[in-house]
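The same subunit A turns up in both complexes below, where it pairs with subunit B and then with subunit C.
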Partner chain A sequence: MQEKLILKKNPDMVSRVIDDETILMPLYKTSDEINCIYALNKVASCVWGLIDGRRELGEIKEEILKVFDTTPKEVDKEMRGFLRDLKEIKAIKEG
Partner chain B sequence: MDKQLLKRNECIVWYNRPQDGVIFTCLKEKKDFISLRGIQARLWTQLSKACSIGELRGLIRKNKTHMKYSHKIENIIKPLIRKGILEYHISQRDKKNPAFPQKYQKYNEFYLNLSRELNSVKNFNKNPNLNLYHKNSIHGSHRHFEKNEVTVSHVYREAHPALGGMSYGARLFRKLNSIKKINPQSTVVEVGGGTGFLTRSFLEEYKRNNHTKDLPRYACCDLSFKFLENQRDANERHHLSYCQANAECMPFKNNSLDLIIANENIADFTAAKVNKKEALDFLGGKIELSAIKDPSVRRSLYWIKFASLDINDATPEFIFNLGAVEFISRVKKILKRGGLVFITEYGIMNGYPTAVYLRGHVEYSIQFNHLIRVAKALGMRVEIHNLAEFFGFKKNIAVIDHCSLGFLYNMLKKDKIDLPFLAYTKEMLRQKIPKQVRYFNNLKFVELTQKSVCHNLNKFHVLLIFKGGET
Partner chain C sequence: MKAQSCYVFWQRLHKNAKERKIPLRVIFELTYRCNFRCKHCYIPFHYRNYGELKTREVFFILEQLKNMGCLYLGFTGGEPFMRKDIMPIVRYANKLGFEIIIYTNGSLIKKNQIEELSGMRINKIDITIPAMSEIIFERITGICGSRDKVFKTIGILSESGISLGFKTCVLKENEPEIRKVQDFARNLNCQHRLDDMLSPRLDGSKEPYKYRGRLENKPAKSECELSGPGEFTNRVKFPNLKKVTDIFKCGAGTTQAAVTPLGELKMCLMIDYPRYKILESSLNDAWERLKDFSANIKIDGDYKCNKCKLIIYCKWCPAQGWLYNRKFTSCEPESRKNAELTKQLLNC
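Up next is the complex of A and B:
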């Protein structure tokens, strides 16, 4: 994982926390995305909450390690998959 | 086409007039009253359960009077479908909802709310100004709360079993009096009192309770002159003060009031449309308030910052209950120390306000968490309750649903009976119109856990705000 990378949220992705679960809904409509919503698991919710266009990925990882009982390797793996998914749905971009 | 299944629209209430077989139906949303005759009435009776068009054709053929219609049955069905009286029946298996596969059903509400928020923002500028509407376009009369907007207090304005035999206004007095004693020395302002029924029963209960004719100093403040006239007429025997003013900036003296009542009206107060990026830029110190041109947006941003409201989860544009927030800040000034505000309205605890389309105007649901945070930031104590629990509504009682009430109202009009709009139980109706029991068969009565006439009581909240000192 690129520890120094800074990620920004797409302002057209609305996120809400409902019953401890983060739900994302894209407002940008391409034919695939119409009416999609995405529900994030606990770690992903936490990562999403920490992405603010300022924090580096390395810092986010450290925060996750403070909250969850897990190893750096596992966090790396989980974050990599999750961030790839978020990029795919255009929820985040580098910058 | 012949295999297509048809069914009745389940929301329809109907009555079959025995002497001529005419069927009356009432449509839910539009509250239209429609009579079906001849072949249409026959089709309706045949459809006691879903039927295919082919089956209906067969049945019609058997009837001598109607057999001539059997080949053009589609032409008879189409207008009934257009009017929403009949529907094509989609079996469970065929029911496809591409947006929501079964496993996502629990997110349905989230999705619908968000869609409502987006639509509310999109149509915001098209909607008439709420203050101007209340000031200039109201014609008064208690029918306003039956035809234009039904309020909970209006349908429980008479003694009701769900409130232990009390009216809404009487029950409100009991509750507020138990929180803060109301006596002849108290100064009370009721905001947006509509037709004045609540005031009347509130004060009657006060008199009964205090064994006195000496009322508290009681003022009615409303933006609508017509409603103030209604309030005066309903309370002729009481000596009250009346003030035509906007509650968002009420002209009462600072530190002068013990109690303020705002029953089901803050959704009528000014709403503002805010741009999230502009708001975040302002909160992040990138732009000054003075750079924002629209005064209502400028004031909204002031309050968002003042109460540290988190708007990160907002859509790119969102609605803010500006008038309700400014009402609370005004209340802080005019209440005495130890004073209390009672507010009730429908709304949400999370998300953002959405438009509610009523006849003649559009109002906005209340984001109660925003109000709570503002009141706290102003240094006041708050309590939030569910309306049904606060008033002690007995939720196992079943009352007539809105569609049935509209239907009954129209039926009785034909009999020259003017039925007041109330949350009737079956028993109440039996006592009120014993000779009309024949209409009762198809009326729907629904438990308050699900619905009260046309309201979901779970969506109504009571916000109590205390200004310092003893309460």
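Up next is the complex of A and C:
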């Protein structure tokens, strides 16, 4: 994972917290996936909340390690997969 | 991220919302005004002069709905496109991340509005089609030229890629037209709902009963399940319950509610009491009061559904009882008559 990388959220992807569950929804029709809703688990939800166009990925990782009972290796793996997914659905971009 | 079916997601969300009493589904009446004059409408004509919220007040309530966990939002009226600020409102709701359905008569939607809506996250535009024939259509709406306007809109909408749905109220005047409307919807590959349960008006007037029609043909299973005051009521057949503790199977007062054009929170479109003023306190406060009210409705001696053999054919809901004689639990004779007829049709 590129620890120094800074990511920005796509403003056309809105996030909602409903009953402690974070969901992501595209606002406009950019693809056939307009009707998709993406539900995030607790760790993913926390990562999403920390992506703010200022924090580096390394800092986000540290925050996750503070909150969840897990290992740096595990966080690396999970975050890599999650960030790849977010890029795929155009929810984030490199800032 | 793992892909999950909408059904699984919805089931989980709904289950949690029910347990924690989150207003997941809300229908927002933006205005009582309407350019049609349908005689069977449940909104009394004099309501049209009641006034409505200002744009910024609508925005304020939408923000609160978002914060309280509402996901499924329906805009209705009256006719929502009577409001000049309808597009700013829909735009704002879209940005807040609601799953939006717009219920409309379709006659006032402009081409440029459709273009903009087609780029947004609109789940569905739901249009009421009273009939295919111009004469019958306009006899029902009371407005000359209304049929052409509605069908012109439908034509543009169907090419725009927006998901469309149709609804028809079963009236004496349009009985022979029902199948034609259904065929029209099928040809466009759109959902069609039948409402054969015209209700008394919100002020208690039973005049709409006079216009109620009947389904002459054997109704399809889906028609039995989907008809009613609106799909937001999510009708569920009553099981043979031994003890009924909650008559609001639709979730009114627990997972769903309605907002009036004056900014009042109420249980559903058809139940006009109680109404709590959101702007005088907050949506949260109004919701707490509504939940309390709903939870304290007692099942009394009037409630007969748990012993009634017609229950599987019946579309009664507490709103029918309320509009009939201001009792949530009473058996409304028209629902009963309808259930008997449905039983005959399904068994013949």
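In this text, the second predicted complex is superposed on the first by the 94 of 95 C-alpha atoms of A that agree within 3 Å, B and C clash if a C-alpha of one lies under 4 Å from a C-alpha of the other, contacts with A are read in each partner's own complex, and residues count from 1 in each chain.
Heads up, the rule we're going with is that a contact is a pair of C-beta atoms (placed from the backbone, for glycine too) under 8 Å apart; a residue touches a chain by one contact, two chains touch by 3 or more.
Note that this is a predicted model, so its numbers are computed, not measured.
Q: Superposed on subunit A, are subunit B and subunit C clashing or fitting side by side?
A: Superposition result for subunit B and subunit C: clash.
Q: Per the contact definition in the header, classify A:V67: touching subunit B only (first), subunit C only (second), both, or neither.
A: Neither partner.
Q: Check whether A:P26 is in contact with subunit B, with subunit C, with both or with neither, and answer first, second, both or neither.
A: Only subunit C is touched by A:P26; subunit B is not.
Q: Return first, second, both or neither, reflecting whether A:A39 touches subunit B, subunit C, both chains, or no partner chain.
A: Both partners, subunit B and subunit C.
Q: If we overlay the two complexes on their shared chain A, which of subunit B and subunit C does A:D85 touch? Say first, second, both or neither.
A: A:D85 sits against subunit C, while subunit B stays out of touch.
Q: Going by the contact rule set out at the top, does A:L5 touch subunit B (first), subunit C (second), both, or neither?
A: neither
Q: Regarding the shared-chain residue A:I18, is it in contact with subunit B (first), subunit C (second), both, or neither?
A: both
Q: When both complexes are superposed, which of subunit B and subunit C contacts more residues belonging to subunit A?
A: C
Q: Identify the residues of subunit A that lie in both the subunit B contact region and the subunit C contact region.
A: Touching subunit B and subunit C on subunit A: residues 14-18, 23, 25, 27, 34-35, 37, 39.
Q: Going by the contact rule at the top, pick out the subunit A residues touching subunit C in the complex.
A: On the subunit A side, the touching residues are 14-19, 21, 23, 25-29, 34-35, 37-40, 44, 82, 85.
Q: Taking the touch rule as given, give the residues of subunit A at its contact with subunit B in the complex, in rising order.
A: Residues of subunit A touching subunit B: 11-12, 14-18, 23, 25, 27, 34-35, 37, 39.
Q: Show me the residue ranges of subunit B that touch subunit A in the complex, using the header's touch definition.
A: My answer: residues 98-100, 104, 107, 110-111, 114, 118, 276-277, 312-316, 350-351.
Q: Which residues of subunit C touch subunit A once you look at their complex with the stated criterion?
A: Going through subunit C, the ones touching subunit A are 1, 4, 6, 9, 13, 16-17, 20, 22, 24, 66, 69, 71, 94-97, 99, 118-121, 123, 161.
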